Amino acid sequence: MEKSEVSRQQRKHPPLLAMDHLTHLDGDQRDCIEACTTCHEICLSMATTHSLRLGGKHVEQDHFRLMMDCAEICATSANFMLRDSPLHRLTCGVCAEVCSRCADDCAAVGEMHECVEACRACAHSCRAMAA
Amino acid sequence: MEKSEVSRQQRKHPPLLAMDHLTHLDGDQRDCIEACTTCHEICLSMATTHSLRLGGKHVEQDHFRLMMDCAEICATSANFMLRDSPLHRLTCGVCAEVCSRCADDCAAVGEMHECVEACRACAHSCRAMAA
Amino acid sequence: MEKSEVSRQQRKHPPLLAMDHLTHLDGDQRDCIEACTTCHEICLSMATTHSLRLGGKHVEQDHFRLMMDCAEICATSANFMLRDSPLHRLTCGVCAEVCSRCADDCAAVGEMHECVEACRACAHSCRAMAA
Amino acid sequence: MEKSEVSRQQRKHPPLLAMDHLTHLDGDQRDCIEACTTCHEICLSMATTHSLRLGGKHVEQDHFRLMMDCAEICATSANFMLRDSPLHRLTCGVCAEVCSRCADDCAAVGEMHECVEACRACAHSCRAMAA
């Protein structure tokens, strides 16, 4: 049993599951918040660990910057929905476009499967919210 | 079957579960990211929906501002950990302090059970990460 | 001579003026970054000091939430331009729309002159960048 | 006369100068907000333009990540002060530490003079605010 498993079982406050909360929001909105949050986490984390470690094409300016753009607009779109703002359609529209470009770019660079998948899922969800 | 349940079953890209990704990070770090993200979401969302709707003591400056401070430092701490930054101990230390104060304040204001719980869980997790 | 004036004269590191840096970016882009940053600062600061202290119509949900939406999209748009991202046109387009609505709403609420002015200036600048 | 100068003179809404607004805040606090904002802008912008273009040691993981940590904690600290939050002492304390490390690291990497200067000024200002 690895260390993190032990601590997970022993601690008093188990992690709140992502879909347990925010029940005051519409279900589709909660799903889109989750897709945006996941995409934000994966883009930011992969860029600053995986991409910086691998170097080369992974830190080429246009690619790396797009990953940072994607991470940021995902967080912003999630926040608009968390505020239950009617303007979330605007941010979700931009988010769908940025995520779609980031997915294509990550697929072209390669070795970014997790990021491609998260970006496609988020683009899909945001496109529906923006409609 | 409610509308959101239908759409959840029908769509092609199911949401990625929160703990499915970020496997390149340490387990305790992933748990703390999740606690921070959940606390960010609940504080931001409750403040701008529940608190603004109820008014009165819920929009008293010190209380409302503390919820915004808490939402922001949780997002910042999560991002430091997503970058796998060694400096996450510093942000987690501040996050534990802010979350602990926010939990106490929300408990005093009342009708903020979900927020109290998320803040206590995040304070607990961040305190361990900062140690 | 007030306290802050004294400290400003005595300290060793004078503040860098806003337009002294970022000379690697295009002049119009620097101006728009400044308009976004100023609008972010004024919306966030007035909402959490002025509006929360006055209460009443100043903390009505639709108005207060719009100020937070505005503060956030301004920061996000500024960051896209700071990264010199070609996608800044998308965020500037949304920013212009949100700022324009926030200016009108603040004008209707009243006692928000500074915010109205900052939002109009930012909407004007972002609209030009998005074109 | 270059293009950006012309547009600056012709436009109807001149940029609000950074120190013209936020007069409801204490002068030292306004100065620290400006130092944090400037440092955020320079770190984020230099990392995603200058550093990614130069490559090599400029995109080495520890260095690049530290610049992102620095950009983010500066924005967070500025926001705590913009909210006039009493907890800004906590975020300013962390910001001073991160900026100080970033200044040293940028000095060691070289070709980062503007960043070194902004980080040192921000560390100095935040240290005083945290005291």
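By written order: A, B, C and D. Residues from 1 in each chain.
As a convention for this text, a contact is a pair of C-beta atoms (placed from the backbone, for glycine too) under 8 Å apart; a residue touches a chain by one contact, two chains touch by 3 or more.
In this text the structure is predicted, and so the values were computed from the model without any measurement.
Interface residue usage between subunit A and subunit B, two copies of one sequence, is largely shared: over half of the residue numbers at the contact are used by both copies.
In this entry, A-D is the pair from A-D, C-D or A-C that repeats the interface of B-C, since more than half of their contact pairs coincide by residue number.
If you average the CA atoms of subunit B and of subunit D, the two centres end up 26 Å from each other. Subunit A and subunit B have CA centres that are 16 Å apart. Annotation for subunit C: residues 48-49, 65, 68, 79, 83-85 touch two or more other chains.
Interface of subunit B with subunit D (complex): residues 65-66, 68-69, 72-73, 76, 79-80, 83-85, 87, 90-91, 93-94, 97-98, 101.
Taken in their complex, subunit B has these residues touching subunit A: 2-5, 7-8, 11-18, 21-22, 24-28, 30-31, 33-35, 37-38, 41-42, 44-45, 48-50, 75, 78-79, 82-85, 114, 117-118, 120-121, 124-125. The part of subunit B that touches subunit C in the complex is made up of residues 48-49, 52-53, 55, 59-61, 64-65, 68.
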